[in-house]
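Have a look at these structures, which come just after this line.
One chain, chain A, appears in both complexes that follow, with chain B as partner in the first and chain C in the second.
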Partner chain A sequence: MAPPRASAPAATPPPAALDGPDSALRAAQAEPLHPPLSGRQKTLGILGAAALVAYPFVFNTPFPQHVMIMIFLYGMMAQSWNIMAGYCGQISLGHAMFFGIGAYSSAFLFVTYQISPWLGMLVGIVIAMAAAAVIGLPTFRLRGHYFAIATLVIGEIVQIVVQRWEFIGAATGIWLPIIRENQLVNFQFNDSKIPYYFIALGFLIVACLAVRHMERSRLGFYFRAIREEPEAARSLGVNITLYKSLAFMLSAAFMAMAGTFYAQYVLVVDPEVVFPLTLSILVLLMAVMGGVGTLWGPLIGAAVLIPLSETTRILLGGTGGAVDLIIYGALIVVICLFKPEGLIGLVRQWLPAPPAEREADHGDS
Partner chain B sequence: MTQDIIIQAIISGLLMGFVYALIAVGLSLIFGLMEIVNFAHGEFLMLSMYTAFWLWSLFGLDPLFALPLCAALMFTLGIATHYGIIRHILHAPMLVQICATFGLAIFLRASAQFLWTPDPRTITTSLVEGRVEILGIFLGLPQIVASVGSLAAFALLYLFITRSDTGLALQATAQDRQAASLMGIPVDRMYALGWGIGSACVGVAGVLLATFRPVDPEVGALYALLAYVAVALGGFGSILGSLFAGLLIGQMEALAGWLIDPSYKYVVIFSLYLVVVVLRPQGLFGRF
Partner chain C sequence: MLKVSDLEVSYGDFQVIWGVSLEVRPGEVVSLMGPNGCGKSTIFNTISGLLKPKAGTIELDGRRIDRLPSHEIVRLGLAHVLERRRVFPYLSVRQNLWLGGYNPQARVHREETLEQVFGQFPRLRERQDQLAHSLSGGEQQMLALGRGLMSRPRLLMIDEPFLGLAPAVAKEMMGVIAGINAAGVSVLFIEQNVQVALSMSNRGYILESGRLVLTGEPDELLNSSEVKRIFLGG
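Up next, the complex of A and B:
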């Protein structure tokens, strides 16, 4: 079995100083990871973008808009989890804590000091990244299940502490006042969901562009190397702890962004809603269901699971008697059994990728 | 006076510790065999508690008599889980294994909520009720029975694993599945047996808990969380490690609840886990 200590010694030379892996990296980078789009793909892309822009104006009632906003929000969270677990191979079961940090930071700063939630969001991102770095340093040495359960346990600790912390509202949480003027600055839109729709879409696009860029940058190659063979990566001079930390911080930053968005969308944050283990698990399940380690997988997962739970809730009323979760659970088991690479495997069967894209196909082999 | 309270806390912690150990050992056994963490372990516990409740409520069967029935039922459920799900994801990546058992957990929990509503239910009359006073210390009789029962089940399991041929075959499979297979040990059946026994452990613990703890669909979550901590603390796959860790967690829970603040007792337990795995990543008794 692998030695327990995986952190690189401090004396490891910086990767750029080594010629071997660097030239290999350049060669790998020279290969087009994202080949030029074919005419058909371009048409599909333009049609898709137009449909997304037109959607809130065609379906101008709250429910369909809400469903899409939730798909964007969860898609973004699943994408952020994907950076950490899908690309870098570190399975976190406590990602809700970064969501909560984001939600609480902006809400607290807005209620106490009237600071615009946009700035609060930046503060939340910084705090979440710092938290990720602090949590990562001691725990990145842990492997597999030990790391997963450590993140789970840290998430629980954070939730318990926030529930008891009077300064930030303890179990009641923070209620944001409704403000009608300066809607854009105050990140509050009380008349329509359309601004929320486009902000959520924008956030999701930022997250996806970041992942797309990361995929073919040096960072992405290091992440995948750490996921596949940590020892080999280390022997080639990759500072494992550093790059795991970067993956964790990047991932935490997008979670915090999603947290601020959620706080401004529902205007109330409390520990039961923004810090629960169920949220961490939900995000994980979406990413796995769609396909981890792929750009589109987490979005597919969110696009399948969110409408499922939102419609069963509407059809059956209240919490839907947990029917949505029964279907969820069964669906997840079925996918794990028959399509372990995720729904993206089905999509690839319908739309065969051009040969060069095989490089991007690094799911779970 | 204070001394009495400390002794009281230590003994109550000890009693719960045996129950935690029994829950944890089921998890640990399965992990030791095939390196899969059963994230539906708490839901198996919940199902066993509900079975005890319904047998009591519909047929007036006392939980103590329902115990063998529940254990047998959970044994069957464990074997069914192995053949239905686990067998097919044995060589899948860890993430898929985590998701499959989490999916099962969500399915079972939501089904329980759908069928039996989220309201907590309590077994109100049982053969073991009330409390007894021993040397000025008050102990609930159900808690005493639960801990003695758990200890007995644990001892049986330990004897089975270390003394019987089948138990030795289980250990051999855990150590090296290929070598075991070459020695003529039916590895797949050993896995199924491991799942059966692991689930039966939690079945026994569930019935014993149901004598004093109300049951609701969420009840498994906390116990499962403590069991993960216990298993990692003791070292994944170590039988005696989970006994020790279960007792340690029982003590920490009782003492932290009394010394610091009841609402922070789990923070203390979880922090202990973090300290132990950071200093000793393989757990206290684990092997790598």
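Up next, the complex of A and C:
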């Protein structure tokens, strides 16, 4: 969706007239939420970007690269959940279904018709968005917990259906053949994780840019209005069913993208792995832990929880897998008690914005 | 401009509004009064499309609006300020106002309307960057009114504009509503205090248990023994 435009030419402030309180006010309205980046933020940004590019070359063994890839992948999914729940206030407990749709679409099209997974990903995105629209139609009449329960149940139904659907491999799922040529077209990289690293990073950046753009646009305002006071939003002329559907569809699209990536990364998709309830919950936990309704929160959540889960998995062995969930649970309790706004609250304490920015930052909280 | 005829509304099987007809003419201030739970807010919610009527018609400037969704009704020039203000607590004052002006017709004039609203409510201009939940009750009511005005309505419906306000603030609010009306906006509002409501209305309607029992000009109503019976149980 395009950002709101100043519809009449007269509404745009002439650049020369930036003196006096009125023109300052008008200038502020032109960009109501976000001031330009400060010098310090720019420096931090450039350093961060350089570190992300250098990382896979400095840590050139598979494990640290794998951990980062998972952070990017889950960061993207947590961001996707954040669009729907953090900004628009619709708690979904069935987001794994869109991940599964993405994974299955590209894998199925590749194995059956040799269609490039990149195209398969687009198909998956379209199917996921269509599914979101169809699911939203009846369920958006439900509020709060009831909507969450409905998504949970639908997610489970989808998994059960896929488990029994012979056409797409039923419970065995789909095994992607290993192909050594045309790696980029086939979205398979057998020699190194570095291409996966950069693709996942790219996907994450796309998701974050989309959220950043949404946050500042009309769409973002509608979403937040629906989250805070749906009745008031309706009375002001916001078509809330339409905008909830858009949030759901946007969110589903990014989950599907992540699904295709995952399928190409592990080269196996099966219902247990790509449609589980635990995935829906995990994505939710990351966003909640990091800070819902903020751009950086989900990324922080993923950056904290993924290393934790990967490390405990290594230290305690794959079957002792529940330990990471125990630690998650404890962390969530601690966060709820001391930083209900999420880890992003801590980050904001450590990196306080200059006063002028904090002023303008209100819409984020 | 607004014409409600034989309106019936029910929540499920439970009917709460029985054959209500009312009218607001251009430029008027009209009050809808009645004891708690008699259906005043239900009528408002039905007019603005938040609820669907069971029977009856609602017309705005001769056009049927009773089957339209609420976002289309707003576009036709009817704004509804909900009971208990319902501002968006974690958006700034300015963002709240902006949301009021997002329907396509109003968006074109948004800067201009915002200036007018700030002119009417200087305090909102001072506090434009504050989060709405940090405003006082009176300021929040002003924000809710201002947000309604942002859609450039020709008819403004206000559900209990004085609810929970200190007498001095309520008085200020009366002046504000008179000002809005003087600017050419018709006003329909809900109020429980008959004296207050009639002192600022051209006409009033009195509702009891979902039925209209009386209607008329302030003088007639204030002297009516029926009004005393309903509100004082005499």
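Definition applied: the second predicted complex is superposed on the first by the 319 of 365 C-alpha atoms of A that agree within 3 Å, B and C clash if a C-alpha of one lies under 4 Å from a C-alpha of the other, contacts with A are read in each partner's own complex, and residues count from 1 in each chain.
FYI, contacts are C-beta pairs under 8 Å (C-beta built on N, C-alpha and C of every residue); 3 or more make two chains touch, one makes a residue touch a chain.
Please read all numbers here as calculations on a predicted model, not as lab measurements.
Participant: Regarding the shared-chain residue A:322, is it in contact with chain B (first), chain C (second), both, or neither?
Facilitator: first
Participant: Does the superposition put A:70 against chain B (first), chain C (second), both, or neither?
Facilitator: Neither partner.
Participant: Touching A:145, do we find chain B (first), chain C (second), both, or neither?
Facilitator: first
Participant: Comparing chain B against chain C, which has contacts with more of the residues in chain A?
Facilitator: B
Participant: With both complexes superposed on chain A, which partner does A:229 reach: first (chain B), second (chain C), both or neither?
Facilitator: A:229 contacts chain C only, not chain B.
Participant: Pick one for A:246: touches chain B only (first), chain C only (second), both, or neither.
Facilitator: Once the two structures are laid over each other on A, A:246 reaches no partner at all.
Participant: List the residues of chain A that touch chain B in one complex and chain C in the other.
Facilitator: In the superposed arrangement, which is not itself an observed complex, chain A uses residues 4 for both chain B and chain C.
Participant: Give every residue of chain B touching chain A within the complex, in rising order.
Facilitator: So the residues of chain B touching chain A come out as 31, 37, 85, 88-89, 92-100, 102-111, 113-114, 221, 225, 228-229, 232, 236, 263-264, 266-267, 270-271, 273-274, 277-278, 281-283, 288.
Participant: In the complex formed with chain C, which residues of chain A make contact?
Facilitator: Where chain A meets chain C, its residues are 4, 6-8, 11, 25-26, 28-29, 32-33, 218, 221-222, 224-225, 228-229, 231-239, 359-360, 362-363, 365.
Participant: Within the complex, which stretch of chain A touches chain B?
Facilitator: Per the stated touch rule, the residues are 1-5, 85, 91, 138-139, 141-146, 148-150, 152-154, 156-157, 160-161, 163-164, 277, 281, 284-285, 288-289, 292, 321-326, 328-333, 336-337, 340, 364.
Participant: Flag every residue of chain C that touches chain A in the complex, lowest number first.
Facilitator: 48-50, 69-71, 73-75, 79-82, 86-92, 94-95, 98-100, 102-103, 107-111, 114, 128-131, 147-148, 151
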